[in-house]
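Chain naming follows the written order as A, B, C and D, and within any one chain the residues start at number 1.
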Amino acid sequence: MHLKYESVIREALVDGKKDYHQVTEDICAPIENKPTKLWKIGFFLSASLLLFGVFSVGWEVYWGTGVWNLNRTIGWGWDITNFVWWVGIGHAGTLISAILLLFRQGWRTGVNRAAEAMTIFAVMCAGQFPIWHMGRVWDAFFVLPYGNTRGPLWPNFVSPLLWDVFAISTYFTVSLLFWYSGLIPDFATIRDRAKTKFRKAAYGLASFGWAGSAKHWQRHEMLSLVLAGLSTPLVLSVHTIVSFDFATSVIPGWHTTIFPPYFVAGAVFSGFAMVQTLLVITRKVLKLEDYITIGHIEAMNKVIVLTGSIVGVAYLTELFIAYYSGVLWEQEAFRLRVMGPYWWAYWAMMTCNVVSPQLFWFKKLRRNIWFTFFMSIIVNIGMWFERFVIIMSLHRDYLPSSWSYYTPSWTEVGFYLGSFGLFFTCYFLFAKYFRLLPLRKSSLS
Amino acid sequence: MSVKKFAVAVYDDEAVLFPAVKKVRSAGYKIHDVYTPFAVHGLDVALGEKESDLHVAGFIYGITGTATALGFMGWIFTTDWPQNFGGKPTFPLPAFIPIVFELTVLFAAVGMVLTFCYLNQIMPGVKKHIFHPRQTDDKFVMAIEVTDENAASTEAFLKSTGAEETKVEMAEADWWYGRFDQKEEYEIKQQLA
Amino acid sequence: MKSRNRRGAAWSNNPWLQEMPDPITKCTWDNYVIMSPNRAKKMGAELTDLNEVDRDKKVFSIKTNGKEVKLPVLVVPGVHDDVIAVALGYGRSKTVGKAAADLGVNVYPLMGQDATGNLSFYAAAVDLKNTGETYQLAITQTHHSYQNDRPIIHEYSLNEFKKDPNQLYNKRKDALGHYTSPDGVVHHGGHGDAGHDAHGAKDAHAAQDAHGEAHADPHAAAANATKTEEDWQEAYRKNGTLYPNFESHGMKWGMSIDLNSCVGGGSCTIACQAENNVSVVGKNQVLLVHDMHWIRIDRYFAGDPTKPDSIQTLFQPMLCQHCDNAPCENVCPVNATNHSSEGMNQMAYNRCIGTRYCANNCPYKVRRFNWRDWNEADCFDDNVYTDGRRDDINDDITRMVLNPDVTVRSRGVMEKCSFCVQRLQGAKATAKKQGRLMKDGEAKVACQQACPTDAIVFGNVNDRESAIFKLRYEDQKERVFHVLEDIHTLPNINYLSKIRNASEVMSRNPEEASHGSEKAHA
Amino acid sequence: MLNQEFKIPAKLKTTSLVLLVIGLITLGAGVATLLFSHEVVSQTRFWAVLLQNSIFFLLISLASVFILSATSLAQAGWIVSFRRIPEAIGSIVWVLGIIAGAIILTLIWTDNYHIYHWLEKGNIPHNSLNTLKNFFLSKPFFSIWTVVVIALWGWLGVKLRNLSVQQDSEPKGSTKTYWINFKYSAGFVFVFALTLASTIPWLWIMSIDSHWFSTMFSWYTFASSFVSGMSMIMLWILYTKRHGYLDIVSDEHIHDVGKFMFAFSIFWTYLWFSQFMLIWYANIPEETIYFKIRMHGPYKFFYWLNIILNFVCPILILMPRPNKRNYFVVVLVAVLIIFGHWIDFYQMIMPGTVGADWQMGWFEIGILCGFVGLVIWLVANKLTKAPMVPQNHPFLKETIIHIS
């Protein structure tokens, strides 16, 4: 029997006195009860958005990428902005599960399952964009290194986009494995509590026949630990590789060596913000206030202010080094960012990402639910603008003759909205049919 | 695969479980298994289980991934079809690193999960005997294989270790293909008895 | 009122010509009024930063000779403050054909007669009024200055050039010579007449002091090796990089474009379009900046827009530079673009999946994407005619204009200048069939052939007897430069500097004049 | 046992003093033969070596202040058992800061353009492109910022330790000083972001290659100094433990510090690789020239040595769990890491200063010895001034029963 001593400084991770059974009851309640009205409305709205997204994408595939307002100078716009944005959001889950597991941060248990699920859905959304942004999406399989009849025709392993293919698919697979292997025992719980035949059969399949044997638990612990160890560098690598899409190029404003860690910090920043958005809603709707406590929210807010500040230092570094470099192209790229045609995006980014998170230095605000909710949305708006600002470095690069401007068309907006539809549809289903919180001893103090 | 008889003890706290395991083992009983709703730290040691070598398997899978990626890309770029992209070297090692890393992780993770499932003999469609419906909720269940002769005495002994509830039942000790919503023959028999 | 027309609209139904940007205004598919910035400012149609972004142009009504037409205004520096100009030949009816129908406004009614009864191409009294309406003009280039200090074009006045013909050559040698040492140790003794060694070298002093002149040392020897006039460019090519050097044996195609000879007429653009089956996209698509021309002519103004007399115009034909270290080639995920052993950057259309990454990463922005199905060549039926006017290139008859030697590209693939590879292969094959070596000048690219002023020279650079070799390394070597050569893309196209017969070069900013070479280095 | 006080073992005292004396003798010999040599390259070598060592040892000591602040802010309990060691190291930052500052300011005010090329008139032309650079790399700004930063670092290093010591004499259960410490830690992290994570490496190191620039540079320098700082803490823990102190530090703590060394070696490699690969890939000469001299030029050996010592060795050796708990292995890796990053700093500074004429001779090694001796002597003395374990830290109990 190991006693987990906690210092007086620490807060309880679960509020109220609960025994194990009570915890199970609470957590399983949303699954076993009928869906609420709120859930139904939310699900319906998300599904409608998803349908609109499908229509927008269908329109684009039929008529050609030309229905997007991208042009000869600006080859990427909302498509890749949204891709990077969603991938960034998709970093929080695995990060929370993996890095915080390695750092043995107890508070992670309150949030990790939802965050992992969010990761999977966000990566699913992210993956849509580079696929549908292709001019000939029906040939998308060309990126795979498959044996073919056209002679030794292989993809180009030097291309950062191909790295993306490997990175995103690996990340998706490993996150899925990590998440699912954690869910197996939870499914077993639901299975054994199930009253209906169908539930018993379905969760029986999903639980892989898990019975909770001691030896299995031992392997399970080992598996989680090693997967966490693998996921940690994997998480870093994914956004690093996404940043390589830009940083390997010769385009001023894209080619910056600080991009890899700065993208990762930004990803954690936006990912945590998205987790906050979801948690604040979920704990309210599913009445899980005892498990997702103010303490959890505050800890997340601390990570947000930290990563926000890192991102802020990176912005200033970029700006400073551009002027320090004495390179005309760099200086112009950054001058145009600050006061060019897209100045509003730059300043939106600065306000949302650098200035406003600093308010979290105040404990009162850090622990205020509504303020947290508000900030979590602000941060994600800011992070969207960050990617937009970076990609729009294209609008004015070396030769002034090619300078251009870009605003999205309805199909691009529709695609983006559709990705929200996909995300929330998945999330609603998940919250209803999967266990939102894992049952772990460490979640009890 | 055979149905055997088990003496089953149900505990409602780890604090009772650990001394019970110790007592049962020192009394010379061979514990079939202990089922817990969550990983209980140190239980494997108490049961005398060896540490798992799963991570070693993971390492080997990882190295395989590294070698596959490097070998495959190296072969394509230098032997199968060398080409000139932007003047990059024929073996552009720095540009291989990202994919090498990803495949290392992918191989290690997928390999380990498959190995995990194989070792635990779990997969969709697999069914195992659940001794107590709350063993995945909040109860700790210990099962000891017994014969008709010592069933009663074992049960009594288990009772003495602080078990909240004890019983003797027939159970399939291993796994089989089946559905959790259907009762197996031996379970129905047991219920009737 | 002055007029400019396309042969009085005789060929107005030719979509190639309609889509060819006007050499000065860079506008397509329309006619419009041009006026000077001063007048525009007075009349509320000034050229602002927003004007570049916003394609909505102000519509003015023009009244003269008792007739009135309404036309959008384009502000063009260099126009006399009291002159406006409109092109004739627009506003045709549908009978003229699909392409020209309903384009622009017919301004023939505005023309009066002169004393001899001939049609007068100008009118003295014109009533000009801002109608408050707007109209969208499809313009392919919206920024009009090369920002003076962007080192993408080099101009000198004749006097400057006479005084020191090697000014550009030395400037380049100073900037690039910095990267010519094989081990990265920069030795300053290397180049002689660098003026002051301002942009020099991080490591220069220590190294110089360390070795002195007498010090015999392999590094110093290497530096000395780059001392000779011809070698520093080669040394920059080999050592200004972390990559190995790919030698081109046999052919190595190269092109030289003389900025002095180029008059911006655009025949290269059309010749290329005809040769290579480059699609016409229509006005709406040009408005979306989806133009497809493989070779475009960048037009820049220098001087003070408020002083029409100070305006100098410059044309720079821009096409794929066939870089030996091409940023576009690396990034294609599917190998659709790579480098040939003859120094060409080549596209495999079949393999392209249309990620547009190459175009983004092209510093010259010369890659062109098939945004739509211009040629009914993809697998979706009937998805061509959605946006109004189109050329009739997909008629059975007009399709016969297509060059059978060149693929028609489908939607979703990237394309760009191929150096007319079909012609080069043809010329090589002919020579081979006849069992001889190909002679210089046998392989001509379309733009070169069409250029009325012979501004374009093309050939095999490995052939020391070729015109391109002589031009580049002997005759005009002091005028040679590559665009953006400081980023080591190693273009196979070079330009020859513009030498103006003027006392002053307006594009030169004062700082550039005083600091000269540092700029290039930076 | 918890209130044990450190007494410097005689051997340590002798060793440190011997090393210190070697350093001083080398310095003296260096002044005589190098500084007053008529060859510029010898003078440059003299200054470059001093610069490298003083900055390196200053930054790896500063890493201790950073780890203290970071763990305080993260409310990490595990570090408390050996907190006094980073505290001691952190509180000598001011001494090393004065040494480094003196060397740097001497270089600046004697216009030593063989080290800092921008000091030479005309090397960075005064034009609109370089306005900011001309201000940033100007003597007044450079000097003022250097002095301010060293003062802040030194003061906060001492302050964090003093607060912790002050806590020892407070009543049990009082968390007042804990929260004050928390606030100072936040302050330090803020200062750190504006100095080591940005401006200082640009000024002190990157400006040596005065035309070259990389936005990653400061973070990369930080990673280098942080992982070696962690290794230095590890060496002290094991040394004091061997001599009977810090018995509350269990294998679990050693394992944790080992994990830090492992993880941050990977982190360093990650930053190193990102910076290198991006420059390699884009292949723009004004950036690649930095690696040209290091990869293809006279520093080829150090280029590879750097990767082997700082990436290959730690990752291979520290990966298996038992190795992170094996004191011998851990000490070996710690020494390799510290030496490796010393080499890392060597290859940051030398190519831009002595160029092709690098040497790794008596002067380099002697000065290294001197600094090692100095750091040992200062830290050991500092350790004697307070109990080896914080007496009243709220996490003390947690750290004692710490399990992984």
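Quick note on the criterion: a residue touches a chain if its C-beta (ideal position, glycine included) is under 8 Å from a C-beta of that chain, and two chains touch if they have at least 3 such contacts.
Keep in mind the model is a prediction, meaning the values are calculated, not measured.
Participant: Pick the chain whose C-alpha centre of mass, unweighted, sits closest to the average of all protein C-alpha coordinates shown.
Facilitator: A
Participant: Determine which of the two chain pairs, A-D or B-D, is joined by the larger number of C-beta pairs in contact.
Facilitator: A-D
Participant: If you average the CA atoms of chain A and of chain D, how many Å lie between those two points?
Facilitator: The computed centroid separation for chain A versus chain D comes out at 35 Å.
Participant: Express in whole angstrom the distance between the two chain centres, defined as the mean CA positions of chain A and chain C.
Facilitator: Inter-chain centre distance comes to 43 Å.
Participant: In whole angstrom, how far does the Cα centroid of chain A sit from the Cα centroid of chain B?
Facilitator: 30
Participant: Enumerate the residues of chain A that touch no fewer than two other chains.
Facilitator: Those would be 2, 153-154, 156, 158, 160, 162, 233, 240, 244, 248-250, 326-328.
Participant: Identify all positions of chain B at which a residue touches two or more other chains, and write them in rising order.
Facilitator: 85-88, 95
Participant: Residues touching two or more other chains, restricted to chain C: which are they?
Facilitator: 241, 243, 325, 327, 330, 332, 335, 487, 519, 522 - these are the residues of chain C that touch more than one other chain.
Participant: Provide the residue numbers of chain D that touch chain B in the complex, in ascending order.
Facilitator: Residue positions touching the partner: 273, 276-277, 280-281, 283.
Participant: Name, in rising order, each residue of chain B that touches chain C in their complex.
Facilitator: It comes out as residues 83-90, 95.
Participant: Spell out the part of chain B that touches chain D in their complex, as residue ranges.
Facilitator: Those in contact with chain D are residues 86-87, 94-95, 97.
Participant: Under the stated contact criterion, what part of chain D meets chain A in this complex?
Facilitator: Within the complex, chain D contacts chain A at residues 73, 75, 77, 124, 129-133, 136, 173, 175, 178, 186, 193-194, 197-198, 202, 211, 213-219, 259, 266, 270-271, 274-275, 277-279, 281-284, 286, 394-395, 397-398, 401, 403-404.
Participant: Within the complex, which stretch of chain A touches chain C?
Facilitator: 62-66, 69-73, 75-76, 130, 133-140, 142-143, 153-156, 158-162, 165, 245, 248-251, 326-328, 332, 341, 394, 396-405
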